[in-house]
């Protein structure tokens, strides 16, 4: 049973690479897709394609249209969504992707540190599984083939 | 055309009451529903109903189950969702509710201050309309009957 | 916000009447619907309408077709489902109705005694809220109007 | 026409292995997936991944979240669901999985002994086909390629 | 619980009027809708509205477009569908309407004489309930309020 | 059977008023909703609510967001959609609304002059009914109550 | 673009084999699936698997459950449905399959002789394309690769 | 991640070939499908298959049925839709296809010249991304693999 996993969430460390290499070690038949993780590229993609916009709000809207296109394509192909929240930033995209996935009935795992239990309590309750570390998330994936 | 509007978002000022009274002044045929806006009540509802839980994470999970039940009932009845983001707090529930609404094809208006344009750019792009003030949100509702 | 509540579950005591009268006391704007609670009538309905069947399996199938018709009509109209498990009997209809409701995205409350925590753990985990008593279930309903 | 079959139901004998080996003998192009059939592993998986929980109900809830995640992934990939009821235990998971499958429009076969005709009558009536033995279930699968 | 019932099926006797008057006697809170039962009007409606067509096939297609529009509006509003097959004619519209209703998850009752058991066996098997007389169909409706 | 009808299409004559007054004469139990028919108001609504935009494309996008919000609310409430094409202008909104309605399974009537048969042939073929005049459209509505 | 085609319809001549061999000649990348075309096998399948039933109606119901299971599996995998009506028999299964396919948004071609234009007019109007011969149906399939 | 892209839109230049060859140069794992781009063939296909029709409207309807069948098959297989509007013609098919795609939740890119900003503003606002050139559309596709 081959599965595609969409890795939503923060883009400020290499958690996706860690998860992928651990899954590869275990030879799990998983393919991973993800949002643009180069922050600058993600913020610039609107003007990179559509040209200079007349202000920050328009620049942000142009970039987000293309980022949302990418996420929508990948989310629809994915069998599973993992959403990781870090300790910094607003991370509303992560909440948006997790909530979209849950509403689309995509089986969803949330990864969040203990410090975020309270502000994420409603979203955690709606997700299938909530864990604290990527090792735990990997164990949940591994359990599919157990 | 009578419509029900779900008012997602922050619960730290009286924006819902302002919006409702302005809609009443204009005699718009709208009914408004909302999450529990008493913060303490919202946090305690799990233990209020299910009894003492063995730690904060369990207390939070019990409360969130009942809050999510309430939101799901109301969201399914609603014709329109308005989600207001304030300047403070994580507000992941607001992002969750807005994203759920959009994925359920509920016509959705986001209200957010100028300072939040950048972190909310992807969610704004997916919503039907994004405005900065509740007066603007009311004008969008009013336009339905124009 | 008027809501219709389908009361799935065991038919061997008057829990539905208790719940209804308590909801009436609180003047909650709820309408309740339920499966046939007269056990004999429920078992006989196939032969009552279609005539004598050639054996128990056929008699059961005839009755269940009409009971399922009734449940399907009511479940589709309902905004909320409450499913109560008692301590006796197989109660697979209750599990079936609760699972159908959850899969149809009907907000669902399970009521079950402490003794059934283990065998109902997967279904409880999928329901929105699980409680032990009808008083607790009523408090969850009441919270919708709080 | 390659098909994936999810084998819901009791985990107290080797019925899945019997079915798989008979299907292999007939060279049917079927892939089988199933819930965790090691009962102890299934009950412990929550604490195995998330650590010690503060009581049985919390331990059960942690395990069921991960078991439900597994089932949801597999059920969504499956083309067909077979749900087998044995003579012992509550087997509410089996009823839950069969009912979920039927509501998701997954073609569903129920296998149950004659002694369970009455308590399973409504669920049988909703399933596509109900049989008594795994040999009969296999014949139904075989008929797809007849 | 007020319900709307769509009465599909043959238009060559007054079975709809019989059913309606019996339901009225029992004061069931049901509203009935139906296809055009004036056969000539039904066949002519295309040319009545669109003008003379260049041959029978075009005349039939024009009529059927408007008849299908009518059925689709009514079927979507209906909570229940009853489809009656008589002994004469092809009655493919009745089979079409019953099959559409079942696929749309509308609870469906088929009424057919004993002589049609064999040719209708697959459709009967998919419907919720199959009976032989309109009195039996009425009893199934009555059971909803029992 | 009360029904809501969304009147999509050109806004350069009073066809909606004609249709409504003729339906009122016949006492059909229909409610009509429509897009903003004041062309200038429709083009300005973005800047009216959100303030001056930095160029025509941004002004148009702001207006269209609010017009699309209005259409989406109304379309979801509507039981029937009528889309009228006139002889002038691009009328891509009309094509968009008709196509959206058809994809949402809203029973849809297209009204178009003979001169537009060829360019509208694919859309006409997907609609339930295509007529040339509003009198014909009214006859189709009237037939629902015949 | 590889596609799977479900061939619904009468089983009294070799039209399916003709269609398949013509498609093979043209090297179209199509896979064909179909109901059981051995009439006797189709009528006996219930008793073949479940054993002797207590009368014709029960025998028919047992067979139809298994035939419907087969059709449902195949229909859900199919990208296209072709339904052929011959001049004899009631053929309600063909009407049922075509109507199910159309309601499931499966692109559907009806093949019927000129003599059946009138009784099939509503179903023809709902199908994507209606033709008279299997050569014409093949041309429609061929056009996909044109 | 292999993806299928449906290329809706005008058929009066070779924009599809340009896009395909540029995608091939970049070795993007994309498959492209499209409507019939031979205008004459597209207009004649009804009579080519069904024979001479009794007038232009009937000829157009016959052709459009087969063109719509083709589009529906392809659109359902596609992961992404690109719709290109040129400066000439009504192009209602392009608007229809784009609107269908958006309503089906297919991620959609609109390509249109600056001169069409105003008449396409509502459709642009509903699409995921709107660009002016096929090079820009290609960059959006390329970003999926970035």
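When the chains are written out, they are named A, B, C, D, E, F, G and H in that same order, and each has its own residue count from 1.
In this text, a contact is a pair of C-beta atoms (placed from the backbone, for glycine too) under 8 Å apart; a residue touches a chain by one contact, two chains touch by 3 or more.
The structure displayed is predicted, hence computed values, not measured ones.
Common partners of chain D and chain H, by the touch rule above, are A, G.
Here chain E and chain G face each other with the same set of residues for the most part; over half of the interface numbers are shared between them.
If you average the CA atoms of chain D and of chain E, the two centres end up 38 Å from each other. Separation between the centroids of chain C and chain E, computed from CA atoms only, is 31 Å. Averaged Cα coordinates give chain A a centre that lies 23 Å from the centre of chain B. Chain contacts: chain G has residues 65, 68 touching two or more partner chains. By the definition of touch given earlier, these chain pairs are in contact: A-B, A-D, A-F, A-H, B-C, B-D, B-F, C-D, C-E, C-G, D-G, E-F, E-G, E-H, F-H, G-H. Only residues 54-55, 58 of chain D touch chain B when the two sit together in their complex. By the touch rule above, chain F contacts chain B in their complex via residues 4, 31, 33, 36, 41, 45, 48-50, 65-66, 68-70, 72-74, 76-77. Taken together, the chain F residues at the contact with chain E in this complex read 1, 3, 79-80, 105, 107, 109, 128-131, 136, 139-140, 143-144, 146. Across the complex, chain D is touched by residues 56-57, 60-61, 63-65, 67-68, 71, 89-93, 95-100, 102-104, 116-126 of chain C.
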